[in-house]
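Structures follow.
Presented sequentially are two complexes of chain A, the first with chain B as partner and the second with chain C.
Take a look at the complex of A and B:
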């Protein structure tokens, strides 16, 4: 542990753990940015070759095919990169949508209270009674086989979590002494809501949304694995694992291993960033 | 101006299970004076503070301002009531720098940014803090510093009355004395009136000019601080004052206050010579000395309540 005196005389306590956390978070951001860039650039350069069945099937990883080929003779690396664009952008989109809608509904629930709060909370309880992925599967299956429907299903599955979190934090903040002090200082309800309650209660669902991004990728992969997400021949990590499971029996581990590794890396990166944001915003 | 709380009642709960937190309490807080409301937890003192601040509605009673001899020509320009809370760090917005928190009351009064900043710098100097503290966040200051910041925010808009809700309860002993000295100094300079909520009799001795003792939502004794502390009449006041350890090595003290309590956790008044008649609502306050009132039927008798 070190204590640093800044020019203003203010002492900052730095712990080795905090510095290590910063480095890990930077590495996690680097992984995400790299995967996203590759996901955007590689398919542009390679065109539609990630869906083209142009190589011998089940070639093991080599310099020419770093992740090998699948049983349809498609390059697994190219498909992983195409899947990166879909999964990372989808994870971010789901997290952002669930954050905005969940925070909005949670804030309305906390602000209005009474019957509005009771109705919203009971509906939330109903949704939370089901495991997220099962709920998303039911919604996606009832909407139809389309990646957009799967994405909507995952958003709906995560909204109740963020509604609950936003509501509980908003209620906690509203009861805080600094809100009473603001009222005594002459702040109007709208000023209290936007200058005190929102900034102090929003950071918790914001941190949670980074974790939602990682869970959304896992759920979306699960939906694709079960056949209600991205449809063949388009690349998506969950669907690629589903495709490659049978190849394991033939001793070809790479068609399912590399998309699994991509999911692991991306989900872990979002989790690390979430932990880092949590520490920073505390 | 004088803040007058008249016949305040606060009732919680439904009709079937009503809980009278405050029962017919009347208090006067004058400029330049400190009224200390003392009593144990649950006596209704924090509720009365919230009602006085306008943070809670009274079930009945009135809150008004009455002209007094100490009025200033510019009275009424700022927020009339401000509050200093028990937990200073929690009373400051964690996402705001201290500069912004102190200037907030001024901004809501329409004071410009530059002027608000100048007054914020001026007030932190008055409460004994360095100007650098303005750029810190609440988590970056100590409890004592945070309480000074909270006091600065409370007085920056020049209020008539500041409510001090257990202002030293969360501070260590060495800081307490300095905060009380600061409050006394600010009162001397600005003439602000304090409504101090506390169960700390030693703070009362240092700051209070008047005392109101609350027991189960009622004021059972009130009067000038010197008279109430030197000659407490109501058995409850006597019990409260006797529970304070005496800083004298010759007086034995084992550090344990073991007074009997009822099922609700309230102190049981065992020393009352006429138990029974005031069990429910009490006999009401009546004058027993100059400005000294007590709700005790035995107070007028030749043998005062609680005296052997």
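Take a look at the complex of A and C:
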């Protein structure tokens, strides 16, 4: 499809790629909303039966148990849905917290400059001296085995990334002409920071935080898999996979396969949305 | 030049000090009680007190900190709560196993990443590009512990393509004499083709999994950098001079798109050496430092875990410093003194 902008005479071509990206992003949002709804509704309807051990153990997938049952005789589908609530909400919460804290610290760094900026930047340097998962792992392990601690650990691991991004974008925006104009017209530094710089640079860390949600789900599941996140018998995808490692040796692939598929679907959906927003931003 | 190198190394040293300080603060000062965590869930008050005593946890924090830094200066990482072994020895004896796996994975990630990225750039918006994009999304969204389990179930147990996950060698083989610490290389140097083949078959699956997942970020970068380079003015000039497509691709495209890859290799190395490695080593019974970290974690051995984290932090800083030098060598426009 080609749109001719008559005013300027330029021909703007909407490529098929852009529209294809649009469709994929809508599909990805659909997947997320559907999984989240199922995650909220199914456990309500099924009550506590996602932890109750009420079926024969290790039944292979069938119409009655679409994802089979695990070695405790729990329905894997119900547990996957209960896990959806935990993992998706947690991914969103981690991304939101990292976004708020990261962009706040980043704007402070960019606005005040000088010593404040130097201290904040050196601190992010130190945090970024570790691979993110390792940082989250040692923080979670030191705080004790608890899902909330693991979530906090993942947030901390992602903050430096967003601080950096916010700061560099804020500095770019600050150099723009309209900021100079605002300054000339007598706006105070705080007014410039919160009315002009923050709103105009916020979109970059915001888009990045969609990708953070995807990584956070993977990292949190990894922490739970390693035993420092959600504790049994609670349903969470990473913990369910850890639980199913032994079943695999017995030839029962379903207790660990389906939760991993859920992680893949969810993380991929966030990736697709993030990539799409990123392309739109550019 | 010498001054910039010195300055850069100084920054690296400061970062390593930062790693040490941050690790201390995380393991010692966070609200969790290290002695109670190390003692385990069912420990008596007495056992907890014993651990407090042995690790000097009742000393004032500045004294603990000075003690810790003093030990580190002597490269002493303390001893593990679980088996009383010095952490440094445990980690050094396992390091070559991790290095063999990590470097192989890194090689796979870069080769696969550059290949797919360039292919996607050449066939931009066509079928090849679409497929590569799908691969990138799936690889980024796959949990390494899940795909490793799936691979072991299907490729090892059902199809028997790869060796059972029994570490660096299948049962019945003995390790080759130690020269480089890499089993495949050592066995070849000793002329033992049978062991070399067996070691390679054991190495290949975990390395493919780690490298395959890590390649996604390389693909992304190479694709966009190559597209940019091929659309650039200098590529257009080459084209108008009548250079062949291949020549333009290699001289204008690839050479310029490899630069951002150098920066990205640091992140990829972080994944294959640390994050993904802990889980993959555990699932493949690989006797490296990742498996050690997993065992420490499972046994609440915070001190062993701390040693592991310090080593990973230091290695990561060294890798990134080396990459910065490499970058400034590959692209003389980058000034190390200003890059900060």
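The rule we apply is simple: the second predicted complex is superposed on the first by the 254 of 282 C-alpha atoms of A that agree within 3 Å, B and C clash if a C-alpha of one lies under 4 Å from a C-alpha of the other, contacts with A are read in each partner's own complex, and residues count from 1 in each chain.
Basically, a contact is a pair of C-beta atoms (placed from the backbone, for glycine too) under 8 Å apart; a residue touches a chain by one contact, two chains touch by 3 or more.
As the structure is a prediction and not an experimental result, all values here were calculated from the model.
More residues of chain A are touched by C (comparison of chain B with chain C). By the touch criterion defined above, A:41 lies against neither chain B nor chain C after alignment on the C-alpha atoms of chain A.
Of the two partner chains, chain B is the only one touched by A:200; chain C is not.
Using the contact criterion defined above for the overlaid structures, shared-chain residue A:33 touches neither chain B nor chain C, since it reaches no partner. Of the two partner chains placed by superposition, A:118 touches none, neither chain B nor chain C. In the superposition on chain A, A:250 makes contact with neither chain B nor chain C. In the superposed pair of complexes, A:177 makes contact with chain B only, with no contact to chain C. Those residues of chain A whose C-beta lies close enough to touch chain C in the complex are 15-17, 122, 125-127, 129-134, 137-139, 141-144, 149, 214, 218, 221-222, 225-228, 238, 241-242, 244-245, 248, 251, 253, 256-257, 259-260, 263-268, 270-272, 275.
Across the complex, chain B is touched by residues 8-10, 176-178, 180-187, 191, 196, 199-200 of chain A.
Within the complex formed with chain A, the chain C residues making contact are 15-16, 18-19, 21-23, 26-27, 30-32, 34, 37, 125, 137-138, 140-147, 149-150, 152-153, 157, 270-271, 273-275, 278-279, 283, 293-294, 297-298, 302, 305-306, 309, 312-313, 316-317. Across the complex, chain B meets chain A through its residues 53-55, 79, 81-83, 85, 87, 90-95, 101, 104-105, 108-109, 130, 132, 135-136, 140, 150, 153, 157.
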